[in-house]
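The chains carry the letters A, B, C and D, assigned in the order they are written, with residues numbered from 1 in each.
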Amino acid sequence: MSPGPLALVLAALLAWLAIGTLGLARARELVFVSRVLFPVGALAGLVLAAAGVIALGAPAQALVVPLGLPDLPFHLRLDALSAFFLILLGAVGAAISVFSAGYFRSSEGTAPGLVCFHYHVFLASMALVLLADDAYVFMVAWESMALSSYFLVTTEHRIAEIRRAGFLYLLIAHVGAIGILLCFGVLQGGSGDYSFDAMRAAKLAGHWPSVAFLLALFGFGAKAGILPLHVWLPEAHPAAPSPASALMSAVMLKTAIYGLLRVSFDLLDAQLWWWGVIALSLGLATALFGVVFAAVQTDMKRLLAYSSIENIGIIVCGIGLTVIFKSHGKTLLAAITMTAVLYHALNHAFFKSLLFLATGSVLHATRERSLGKLGGLIHRMPWVAWLALVGTLAISGLPPLNGFVSEWLLLQAFLFTPSLPQSFVNMLVPVAAAALALAAALAAYVMVKFYGIVFLGQPREPGLAQAHDAGRLERVGLVFLAAGCVLLGLFPVQVIALLDPVNEMLVGSTAGRGVAQNWLLLAPINADRASYSPLIVFLVVGAIVLLTTLLVRRFYHGRVRRADPWDCGFPLQTPRMQDTAEGFGQPIRQVFEPFFRLQRQLPSPFDAAPKYSARADDHWWHWLYLPIARAAEACGRFFGLIQQGRISVYLTYSFVTLLVLLLFVQ
Amino acid sequence: MAAGIPFYAQLINLFAAVLLLISFAMLAQRRVLSLIDLFAAQGLALALSTAVVGWGTGQSHLYWSAGVTLTLKVFLLPFLLYRLIRRLDVKWDVEPLINIPTTMLVGIVLVVFAFNLAAPISNLSSTVTRSTLGIAIASVMLSFLMMITRRKAIPQVIGFLAMENGLFFAATSATYGMPMVVELGIALDVLVGMLILGVFFFQIREQFDSLDLKHLEQLREDE
Amino acid sequence: MTASAFLSQLLQLGVALLLAPLLAGWVSQCRAWLQNKSAPSLLLPYRTIHKLFIKDAVVAHNASPIFRVAPYIVFGAMCCAAAIVPSLSTGLPFAQAADTIALVGLFALARVFIALAAMDIGTAFGSLGARREMFVGFLAEPALLMVLFTASLISGSTSLPTIVDSLAHRDLAIYPSLAFAGVAFTMVSLAENARIPVDNPATHLELTMIHEAMILEYSARHLALIEWASALKLFNYSCIGIAIFVPFGIAAGSDDWAAILGAAPALAAKLAIGGFVLALIETLSAKMRIFRAPEFLGTAFLLAVLAMLVHLLLGT
Amino acid sequence: MIEILLVLGIPLAGGIVLALIGERGHAPTVNVATSLLTFLASLALTARVIRDGPLLVLDQQFFVDPFNVFLVALTAFVGFTTSIFSRPYMRIEHEHGKLTPARLRLYHSMYQLFNFTMLVALLTNNMGILWVAMEAATLTTVLLVSLYRTPASLEAAWKYFILCGVGIAQALFGTILLYFAAEKLLGAEGGALLWTELNAVKGGLEPTVLSLAFVFLLVGYGTKVGLVPLHNWLPDAHAEGPTPVSAVLSGLLLNVALYAVVRCKVLVEGAVHNGMAKMLMMGFGLLSVVVAAFLLSRQKDIKRLFAYSSIEHMGIITFAFGMGGPIASYAGLLHMTVHSLTKSAIFFAVGHAAQKTGTQLIDSIRGLVTISPSIGWGLAIGTLAILGMPPFGVFASEFLILTTAMREQPWATPFLLLALGIAFAAVFSKVQPMVFGETTARRLPHRPAMFPVFVHLALVLMLGLWTPPFLADWYRQAARLIG
């Protein structure tokens, strides 16, 4: 084995597999599994991230492992793109592992060792996806990833809902995987050589590149949750234990992004502008759809899941723009957009896992997932609440945190769009920018709802008074992720410089040199056109806040008196008078009514125990999935008619088949 | 019958015609016992034609083959079938699923089809008996049709055996017979198959009190 | 960064901080005149702020630190925004650190914090206000961004000083896109500054209030900071409007101090007119139902997008 | 040569011995021992072939080439593991009063004879003997299918017998036509039915005759493969017979029938160059995949479910062989191997599950992992493997088939995508609640014989990640042979 980062990555990968196996061997020993195995797994994650950082700057390393099919051994390759996503996986994975060490307790449905096994296989297969350099090992890793995460989703398999969610997840993942498989079938160009090197070299003629791209979009889109293949996401994420949801949302969705980038920018040698238009439109639709649905959710993990759909939409939209730029040879702009895409992927991994883990802690402390039964947890769980606040602000895209940086870059890319040959695309771009801005603003709405209802206000249920804060290991994980959000937000120039090799590789140009005017100032083209320095903004806001406080204390005073809330003088105040999740989402439900399939249950005026309920369902179920299911059922019934038990009829089939074939041959 | 072909070939053609005729007769026959008789007659025609081919072409192993056919299909199987019917006490007439005129019409279409099918092949053959291939195919198809149209177990089996006869005829007429080991194997299979079927009849009767195939229509997908 | 640039920066920040309450006072005075009421003093906002600072802060029992931190952050964000928007001159070195997108981001930051603080106490009004504020914000924010984008597209920059430079100091050109953007901006400003027809800053009627509902629980210095921040926000919006639509008179760079000081009367005049127009609009229109707000803001958003499209279509 | 004689002789002798000794206590052990010996003999044969290369022995009547050698080993192996599985399984069936000693005797004897016929069919070089052996395989299994003597099992056996009998009669006609065509080139005594001889002269065979012959052979052997619309016997026979029989039917018989089809296809392809054989096989394959996928969603009986899954997989393999080319044929061979291992493992697990819960109805089996983790996980893993989840071998072959199809026969891929998706949904949605969730059954005292299940699954896993070089070599040579 050649030394260097690849060796380190492989070591981490094997370590994960070994940990998983150990967990399986000692499945029932909770303390061993949680206090020993998970932290060691976290260490492996850190090693992986470090190796990724080293590999970003280094030339690509390749390795052939004599496994797999006889003519197709496992090709592994560590290049800049893989390295970037490995950093993401390693860093976020490490944090989630540490958190998990404190999270998994006994008396959960599945033995802890089994969870440990699936968890680490999941991690290892994601790493392998990123390393894969031929279609076979890619697919093996890809499906292992789906499978192990399926088992994580169905940890509590006794609940029928969760089984249903798991089934839906695995089904869509599998159909998507077949799409990817067919995509590789196109890419190999009939050569029978499935290594990525051969695919890079293959020159596809005619429509084949477009077919490959569309198949990739379909296949990876199913995993990423692009409309209309998103339906599994809001089901599976809430069903899984929180660390698993975090891992799926933060990292697994990114492997789909990785795959899309790998296929469209690495394996396909030229891009067509209309691919970009498709990706852009789909991405925007996904983003808007996701955020609007997130706004009306009442389950905190479902809300976050829809928010993941939104973020994936933003990323895909960025990919679309990159394709448009690249196809017109504007490599510098493509590099900027690509930077935004990668940056947002990284950011989303950090803040979304932070939030999912926070919901995990809340879930543990309160046994409650429904927003309507939470509230006021900032007093009971200060650690979780304050760290979640960082995540909330970051995901809302507020300066100076990380979410803002990537949105800023992406918006800049839209603004810099030069006039393109297709006037239709020219018109699309501003509309896309507007839609993106709308999605970002709605995200803030959603996150205020999430944070305000879970952590602020008064506890909506008496039981919440017993909630306890996260344990020490959990806190470490959360702090790590929150720190990541802050650092990624404050030092974009350094991060973008790190991304340069990836840009160089994918779009043939670097953004870093242009983007970084100096170490403080982020300026994509030049400082006159646009610049942003989060550190300065942070320091200035901080200084003003500090100065104001000091001055107020200096010239006036800092006295505080505690009293009951005033509330316009209303005498009776109960926690139930606060907005519920439904209430908070109601304006959005009203404004975006066509988005939903609303089912309201209104009480009659004479109802003794009036009950009101409103459900916002996904149209796609009724437009796409149920019709497919019904069509399949109808086909099944039709084919069932063929087989109606009578032997004469069966003999007739044989006979007719024979006659028809004889006629055919003649 | 064109002139100039040897006498034995004319004989074979005659037997072929008889075979086809018997096939039609079986298609039209309602009575089980008569079906067995017809089956035996078909076997006899087959055995004779095999022997004639052997005589005409000097292929001595065809005599063996004819002997096996005679023993098996003229004596042994009809005998077994007779015994079965006596033991099972099922001498009823059989009413086919499709009425007999229709069946006959379909049968004629099949014969035309079979002849058409065989025509290009027959011209390729070097054997003098080549024109009988079409008849062989036709009788196979007619037997197939018979199996489809019968609603009782025993006539269906007789159809199956008649189909085997057609195949044998094809083997002897078109190619002067298959290698001996194969023929023996086939014969053994037919015999064992018949024995197993016999066992089956008893089991079915035991279960359903009848050999009507309508009882055997429970496993299905269309509910 | 040169010393004069730094001075120019400080000067404009100071002007904003000091003039903001005055502008608020001016608007309410105009409004009173227009409505035939006796007008409060122009300096009333200063006195109110001072009075509030003196008082003891009353904080609800279950208020979390977020509640107490929020006013400072809102104030900080608004100050920061004021440091980006050119009022007298384009010599704003700090604007390099934050462009128009960051400006919108800062407004959003303030909005999110005030909304969170409103939800913190857990009263019915608080969460109602927070919900409505975010509701208004989700349409106003992208609309504002699109207005700014239109200007950015014209000038090829997202940095406000550069925009002003290019709009004010180049050859005069007529930009039809700015007409759309102007209407959109006016609508957004009304909504964002809690003005009629979207909100009414002078009411505590539960059915209508948005901004006031959020800050019901605040008192003393916290309330003072929030009031000041609101005034700053109004000032900022006014300056943004001036900078984009009537940038003439704003000095270029930070070296020509005569020009910078000369810009002051122009600014005062523009603000005075702007304040009057605002009061006029408020007087002439009626408060909308909250669910008419999305129609209002949606129109603004569409107009802003249209402005961009018009710019692309007609080009310059 | 001695190895071939052993491979064929041991099961034959075992069958006779088992028929003679009747149902004594040690009969299952004798059964296992016979199968073990057969397996060892096949290993010896394999070793011999690895050392010496292909064999052609006994007056050219038997031969071993890369195509059949692994199938022989596979057949012997699955035969062996199934006999291990059947030992406790049949004992418990006996204890439950479902079987009498006489029927157990029949079962053991016929089981060995069935193995014998399979091995003959694989090893013979004579197309006529191949036919005889295929027919004999039907005859031996038909009694096994009706072993329980329930109405349903009798019905299934009757359909099996008649449909396969009629089908295979067509194959005989095809064989006659083949002989008819070859005789002119090879002479009546010149081994005109020997496959090796035929293969040598296939270019000179008359195309018209061979086209017709192929139709008859395809319809004939295709009935046994279970190609739609000739498949109707298959689900019934699988569902109503004892589980070990279902396992060998799916795992072995279908393979051997497909082997016969492919042998014929090689000859026909050599003579007829219009791609007729390819088209027919691809068409039948696709039709089988699609129809089976839709029917999968209607199943209520767990064994029937997996019977349809066998039809689906046979369709995939037929499609692959039809497509041809080194990769697709290679994939077809691999798929034959892994399908037979996986499917028999699934049937083992299903058998135990059905025995534990006392029913074959899917809706009545719930929460297997709770009552017996090994059965539950065995079934879950087996199902995932058969559905084409990596890293199992089924995935490897489907990978190759699908990617090749995408380039060579793109029109077929939408159907494959649709069918695989629906099959996945159908099977997994039924198996998932069986494996997971709250259980409905109580614990039964007996321990399941899960050893064969996990051995099979381990092998399938291995084939997904690593193929032994000699096996890969055979696959490659056989793929070249198949074309």
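The working rule: a residue touches a chain if its C-beta (ideal position, glycine included) is under 8 Å from a C-beta of that chain, and two chains touch if they have at least 3 such contacts.
If you're wondering where the values come from, they're calculated on a predicted model, not measured in any experiment.
Colleague: Could you tell me which pair, A-B or A-C, is linked by more C-beta pairs in contact?
Modeller: By number of C-beta pairs in contact, A-C is the larger.
Colleague: What whole-Å value do you get for the distance between chain A and chain C if each is reduced to the mean of its CA atoms?
Modeller: Centres of chain A and chain C (C-alpha means) sit 35 Å apart.
Colleague: Once you find the CA centre of chain A and the CA centre of chain B, what distance in Å lies between them?
Modeller: Whole-Å distance between the two chain centres: 69.
Colleague: Using mean C-alpha positions as chain centres, tell me how far chain B is from chain C in Å, no decimals.
Modeller: 99
Colleague: For chain A versus chain D, what separation do you get between their C-alpha means, in angstrom?
Modeller: The answer is 43 Å.
Colleague: By residue number and range, which residues of chain B touch two or more other chains?
Modeller: Where chain B meets two or more other chains at a single residue, that happens at 117, 144, 147, 156, 216-219, 221.
Colleague: Could you check chain D for residues that touch two or more other chains and list them?
Modeller: 158-159, 162, 166, 212, 235, 295, 298, in rising order.
Colleague: Please give all chain pairs that are in touch with each other.
Modeller: Listed by label, chains in contact pair as A-B, A-C, A-D, B-D.
Colleague: Can you tell me which positions in chain B touch chain D when the two form their complex?
Modeller: 59, 117, 120-121, 124-126, 133, 137, 140, 144, 147, 153, 156, 160, 163-164, 167, 170-171, 174-176, 178-179, 181-182, 185-186, 188-189, 192-193, 196-197, 199-200, 203-204, 206-208, 215-219, 221
Colleague: Over in the complex, which chain D residues touch chain B? Could you list them?
Modeller: Residues of chain D touching chain B: 126, 128-129, 131-132, 135-136, 139, 142-143, 146, 149-152, 154-159, 161-162, 165-166, 169, 172-173, 175-177, 179-180, 183-184, 188-189, 192-193, 206, 208-209, 212, 235-236, 239-240, 295, 298.
Colleague: Can you check the complex and tell me which residues of chain A touch chain B?
Modeller: 637, 639-648, 651-652, 654-655, 658-659, 662, 666
Colleague: Under the stated contact criterion, what part of chain A meets chain D in this complex?
Modeller: 66-71, 135-136, 139-144, 146-147, 154, 157-158, 160, 163, 166-167, 170-171, 174-175, 178-179, 181-182, 184-186, 188-190, 192, 194, 632-633, 635-640, 642-643, 647, 650-651, 653-654, 657-658, 661-662, 664-665
Colleague: Can you name the residues of chain A that touch chain C in the complex?
Modeller: Counting only chain A, the residues touching chain C are 375-376, 378-379, 385, 389, 393, 396-399, 404, 407-408, 411-412, 415, 419, 426-427, 430-431, 433-434, 437-438, 440-442, 444-445, 447-449, 451-453, 456-458, 520-521, 527-533, 536-537, 540-542, 544-545, 548-549, 552, 555-557, 559-568, 570, 573, 575, 577-579, 583-584, 587-588, 590-591.
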